[in-house]
Each structure stands twice: as C-alpha cells, then as structure tokens.
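Consider the two complexes below, in which subunit A is the common component and subunit B and subunit C are the respective partners.
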Partner chain A sequence: MEETKLSMYQLYKEMLNDYLQHKSEHVLYSAQQLSKEMLEKDMSPEEMVSLHISVFKEMVEDLPEEVVDSFELLLEVMIGYGLAHREFMSLRDRQRQLDSELNVAAQMQESLLPHEEINLKTLDFGVISVPSGKMSGDYYHYIQDENGNMGVAVADVIGKGVPAAMCMSMIKYAMDSLPEQRLQPAALLESLNRVVERNIADDMFITMVYGSYDPKKHNFYYASAGHEPGFFYNADTDTFEELETKGLVLGITPKVHYEEFSLSLEPGDFVVLLSDGVTEGRTEGEFIERDDITKLIRKYKHLPAQDIVNQVFRELEKMQDFHLRDDFTLLILRRNV
Partner chain B sequence: MNLKVDVQEEGHSRVVYLNGEVDVYTASTLKEKLIPLAEETNKTLAVDLSNVNYIDSTGLGIFIGALKCTDKSGSTLKIRGANARVKRLFEITGLSEVIEIDTEQREEA
Partner chain C sequence: MQVQTHVDIHSEWGIVAARQAGRKLAREIGFGSVDQARITTAISELARNIYLYANKGQIYIEEVVNSGKRGIKIVAKDQGPGIKDIRKVMEDGYTTSGGLGAGLPGVKRLMDEFTIDSELNNGTTITSVKWLR
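Presenting the complex of A and B:
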C-alpha cells in the first residue's frame, strides 16, 4: 500500500509538472485515466486533494499561505463526497450479492419446471415460458401417466418478481402432493384451491388452467380457475375458438366447485394455453389483442408445436421492444394422428 | 399513470370514485383508502370505475382483499361503471360471480 502511494505520488507529480509546463490535452487525458485507476484502488476524493497539496507544496516553493489554506478547506468539503462514494461502493457490493442470490433462486425456480421430452406419435407438444425479470410468477406443468394420458397446466400468480415466484413454488409442491388426482382437472383445481386459500395473503391470488388429453378417445378435458382463456384450433374449418371457461381464481374462498369442459380433437386440431402476460403485453400504450396472438399462431401453424411457441414469443417480444411487461407462457398441444 | 381516489357518501352507501389506472404502481394508493372502508361493519361500499380504463392483476388483487374484508365485516362490496375491458377481467377471473357488478352506468369509453 505504501509502495502504491509512493508511486502514485511520483506519477501525479510528473503529471502536474508536465501540465503546468505544457498545458497539453494529452496530460488532461492521462489525468482522466489516473482517476479511473484511483477509483479502482479505492482512493477517496479527500486523499486525492491531500495528494495534490503535498505534490504542489514540493513543486512550488513559498506557496502563498492562502493557497495552502484554501486546499485545506477543499479537503474538508471533499470528505462528504468521500463518504458518499464509500456508501456507493458498499451498496454496489450488496447489489452484486443480491444479484447472485437472485440468480441462484432463478436457477432453483427453473428446476421446478418439468424438463422431460415428450415423444409421442399421437401428440405434438410445445411450451415456452419467459419471466419479465429474473424470477417468474408463471408456472407450467406437463406430465404423462402410465396410460399415455397427458396432463398440462398453466398457472399465473398475481404480480411478478420474487413474491410471485415464491407463490409459484407453492403451486408446484401442492401439485406434487396430489398425485392421485392428476389428470382430473376439476378435482385437481378444487384441491389446489384449498391449499392456496390457506396459504396466501388476502390480496394475492393465482389463476390456473388444467387440462388432460386422452389419446385413445382424442378428448381434451379441462377446467379453469379464473385463467385467461386459451384457444381451440379447428383444422377442418381453419378457425380459432376461445376456450369456454368459467371458474373463480384460486385462493378466495375454500369451497369452490369447478366446472369441467371437454373438446374432441381431430387430427391437426390443437389447444393453446397461455398466461395473461401474453395478452397484457402492450406496444406503445396499445394492448396486444387476442386476435394478434391467433394471427401469429396461424402464421406458424405449419411448424412443430415447439417452433410455433418459440416463433410467436419472438415476434411478440419484438412488438414490445424486447421489454416484457409481464411473465410470458404459451403452450400448444396438437393431435397428430 | 396516477390514480385519483375520491370517497363520497351517497345515501346509505359509500362510493369510491376512481380516476386513472389501477395497476402495480397505484395499487397501494387504492389499498390504503379502500381497505379501511371495507373493514367498517354493515355498510355498502361501491367502487365506481367509470373513469378507469385499465386494471392489472395487482389492482384486481386489491378488490379481492376488499371483498374478503367486507365478507368479514358484514358489509357489501359493489363495482359499477366498468368498461368492457375491465368487466371482462372480472368475468374471466370469476369475480363477477362473487362481487356484485353493475354495468348499466356505461357501455364503452
């Protein structure tokens, strides 16, 4: 440290001397470089002023007393700046620490989502979920049972960021604890609602849609707890229909009965489930309408389901200037044969 | 975007007039005003949304919090004047089944 101070002293002395003699631009530039170096070495503004006084005193003999005194005053003033700088440094360190904690949490959250590949001749499946920040309040789920039935879910926790993400993990664990009811949409939502209602703040809620596909009967059964309605694409008529939904969001009252709906899928028909981040997105104050979503899906419907959701996300992200206002989840399940 | 909250006594009910957007930024303003009113016993609390164009899910959460409060305090919560977009939000979430929503006040902004 003493050595650094000594070399800094020398360096500054040469620089000042050079400047006083030639007043050149390049010395000013070196001074700027020096200040960066000093910031890295945690040198405070008052230390800098103090360095300036000692160098200057050595260079100019019989420096007027007023000049020396004025620098002493400047030094006192700089102490305030020094404190502010140190506070900034400590906040920056804390920010880095929080960031790294948040990154670990985001990785943990990512691990709560299913990662198995779905390889089914009868079904084409694709899902994408992107948080607007680091943590997501959206949740999706898919599972295949031993009979080849497939269960899918999209849930959306109110708000975003860490509180929403914590709520989202509750949904995941609650679903894991209800294995016997999997693939029965209405019963599953009713059980989940009881868990959520007991564990959630008064002004929080979760919306969720759960569906299950029976590949033998080609039926898609679903129930919704106040969730943004998805779409049914009819390949024969080449039209999108809004999924009929009815049902209260999770977490309001313990006893809620959910209605179950069913759709019959022909080859090429598909079901689209989404979170309201998809439709609540805005472009320059204008809402992205549900029609815009179906237009985009139609544009890419010749692609495999995973490519459709990826492409739709890419276009919507572009429409919002790459700033998602809300977490985004889009899921497509298509009957192949 | 700001939210203006005005409370008026109208006959036997309290009417909360909102003006602006009820979203993640303004939700706390609304919560501070609305929840104490919802905690009062045996009153009718009406929220007028004639001058609200947009409610996001955080905003909706405040109405749910108020609903839970009025259920406890024996009061009644009503919503009126909602535009089509806002009304749709209450319908999708099933809240229109548990909160009285009067839409006669206005059709579309």
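Presenting the complex of A and C:
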C-alpha cells in the first residue's frame, strides 16, 4: 500500500510537471486514465486532494500561503465526498450479493416448472415463459397421464418480483396435492381458490386458466379465474375466437363456483393460453392489441407449436425494444390427428 | 503522558470546540492532514447527533497507546433518548440525510474502531478509535 502510494506520488508529480510545462491534451488524457487506476486502488477524493497539494508544494517553491490554506478547506469538503464514495462501494457490493441471491431464487423458481417432454401423437404442445425481471409472477403447468389426457394451466400473480414469485410456489404445491382433479378444470380451480384464499395476503390475487384435453373425444375443457382470455383457432375457417372467461380471481372469497366450458377440436385446431404480459406489451407508447397477437400466431401457424410460441415471443420482444414490461407466458395446444 | 480533553455539547459552538480539540490532539499525535480531517469529521457527526437528538452531552478526546501503537479515542456520551434500532441506523442509506455517506455509518468508516452502547431513555455512548499507521 505504502509502495503504491509512493509510486502514485511519483507518477502524479511527473504528470503535473508535464502539464504545467506543456498544457497538453495528452497529459490530460493520461490523468483521466490515472483516475481510473486510482479508483481501483481505493484512493479517496480527500487523499487525492492531499496528494495534489503535497506534490504541488514540492514542485513550486514559495507557494503562496493562501493556496496551501485553500487546499485545507477543499480537503475538509472532500471528506464528505469520500464517504459518499465509500458508501456507494459498499452498496454496490450489497447489490451484487442481492443479485446473486436473486439468481439462485430464480433458478429455484425455474425448477418448479414442469420439464417433461410431451410426446403425444395426437397433440402438438408448446410453451414459453419469460420473466420481465429475474423472478416471474407467471406460472404455467402441464401434465399428461397414462391415457394421454393432458392438463394445462397458465397463472398470473397480480404483483411482481419476489412476493409474486413466492406465491407461485404455493400454487405449484397446491396443484400437486390435487391429482384427482387434474382433468376437472372447474373443480380444480374451486379447490385452488380455497387454498389461495387461506394462504395469501389480502392484497394479492392470482388469475388462472386451467384446461384439460381428452384425446378420445378430442374435447378441451376449461375454466378461468379472472384470467386473460385465450384463443381458439378454428383451422377450417382460419379464424380465432376468444375463449370464454367468466370467473372470479383466486383468493377473494373462499366459496366460488367456476363454470366449465368445452371446445371440440378438429385436426389442426388449437387453443392458445397466455398471460396479460403478452397483450399488455407496448411499442412506442401504443398497446399491442390482441389482434396483433393473433396475426403473429397466424403468421407462424405452419410451424410446430413450440416454434410458434418462440417466434411470437421473439417478434413481440423486438417490437418492445427488448424491454419486457411484464412477465410473458404463451402456451399452445394443437390437435394433430 | 496521555492527554484527555472533554467538551460539553449543548450548542453548535460546542461542536466547533470539539472539532478544534480533536484536530489539535490528532496533530500532536502525528496524524497527517487527511486523517486529521477524517477524525474531525467523525467528531462533528457524533457531536451533532448529541446536539440534535439528546440536546446535551459530552465529547471526550484522548490519546491511547496499545502495544506501542498510538491512536486517538473519541467518546460521545449523552443521557438522551437512546437509539431504538441500532442495527438499522448502522445500515448504509438509512440516515435522515438520505444516504450521502455521513451519519454513524460514516463515522464507522472514518475511524478504525467503533462501538455503540445505547439504552432506550437512558442515553447513548459511542466509542471510537483511530490508530496511527
């Protein structure tokens, strides 16, 4: 430390000497580079001022007393700047630590999502979920049983960040504990609603859409708890219809009855479930309309479901300059044969 | 011989007097001008807290020696309301001045040793030492 101070002293002295003689931009440039090095070595502003005056005193004989005194005043003022600087450094360290903790939490959250491959001849399935920050307030779920039935869900916690993410884990475990209702969307939402109502703060709400697919009848059953309405794509007419979505948000009152709807899927028909992060994106102040979403989906509908959702996300992300305002989840379930 | 001074704090004059006494002793002990300014700033912050939150109290300043090392010890003592949540006030960014480095965390940074004893309704004693390198 003392050694580096000594070499700093020498370096600074030469620099100052040089500058006083030539007043060149070149020396100023070196000074700018030096300041970076000094910051790296934790040289505080007050030490810098002190270095300056001691070098100056040595270089210029009979420096007027006023000049020396004035630097004393400057030094005193610089103490505050030095403290602010050190506080900044410690806050930055803390921020880094928080960041890495958040990364671990985000990984844990990611591990709550299903990862199994869906291999069904009858169905083509794709889902993408991207948090706007590190943690997501969106959740999706899918499950298939030995008979080829499939359950899918998209949920959205009103709220963001860590609290929303913690809520998500509750939803996941609650759903895992209701295996017998996997294929009964309305009943499942009713059970979930009771769990959520008992367990989360009054100012937190969760919207959710749950659907199940019966591969023998080719029916899709679904129910919604105040969730962003999805779409049904009719391949025959090449049109999108909105899914019906009555139903109260989860967690408001303990006893809620959810209505169950059903759709009959022909080959090529598909169902789109999404979170409001998909539709509430904005480009240059303008909302992305639901129409824009269906246009995008149509543009890629010749691709496998997973590629459709990936492509739609890519385009929407670009339209928003790669800045997501809200967590984004998009899920497609298509009947193949 | 070790010197001890104490200054009563009950006005801003007291704060200035404490600074003055601290700077003088720091210089005598052999601290350089940067450390002198740091020590004085620490005294200032402690004295100002006494003045603002406890109305009155004392600042004790003395030279300390430990295994050949010399240092300066500052004790700020008052019988004021005490500090409720010490952990909180030691957090960066907590001070009423809104996290510009000053306040008690600043004092801790400026000095080498720092301890707070505070009892609610019974006063606060803050002890802080800086060693000569």
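Convention: the second predicted complex is superposed on the first by the 337 of 337 C-alpha atoms of A that agree within 3 Å, B and C clash if a C-alpha of one lies under 4 Å from a C-alpha of the other, contacts with A are read in each partner's own complex, and residues count from 1 in each chain.
Following the convention adopted for this analysis, contacts are C-beta pairs under 8 Å (C-beta built on N, C-alpha and C of every residue); 3 or more make two chains touch, one makes a residue touch a chain.
Quick caveat, the model's predicted, so the values are computed rather than measured.
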| item | value |
| --- | --- |
| Superposition on subunit A - do subunit B and subunit C clash or fit | fit |
| Partner chain in contact with A:50 - subunit B first, subunit C second, else both or neither | second |
| Once both complexes are placed on the shared chain, angle at subunit A toward subunit B and subunit C, C-alpha, multiple of 10 degrees | 90 |
| Partner chain in contact with A:226 - subunit B first, subunit C second, else both or neither | first |
| Contacts of A:205 with subunit B and subunit C, given as first, second, both or neither | first |
| Partner chain(s) touched by A:79 [first = subunit B, second = subunit C, both, neither] | second |
| Which of subunit B and subunit C A:245 touches, first, second, both or neither | first |
| Which of subunit B and subunit C A:90 touches, first, second, both or neither | second |
| Touched partner set for A:158, first subunit B, second subunit C, both or neither | first |
| Which of subunit B and subunit C A:276 touches, first, second, both or neither | first |
| Winner by number of subunit A residues touched, once subunit B and subunit C are compared | B |
| Shortest span in Å between Cα atoms of subunit B and of subunit C, once chain A is used as the common reference | 22 |
| Complex contacts: residues of subunit A adjacent to subunit C | 46-47, 50, 72, 75-76, 79-80, 82-88, 90-91, 94 |
| Interface residues, subunit C side, partner subunit A - complex | 32-34, 37-38, 40-41, 92-93, 99-102, 105-106, 109-110 |
| Interfacial residue positions of subunit A with respect to subunit B in the complex | 156, 158-159, 202-205, 207, 225-229, 245-249, 252-253, 276, 280, 287 |
| Residue ranges of subunit B in contact with subunit A within the complex | 24, 31, 56-58, 60-62, 64-65, 67-69, 85, 92-95, 97-98 |
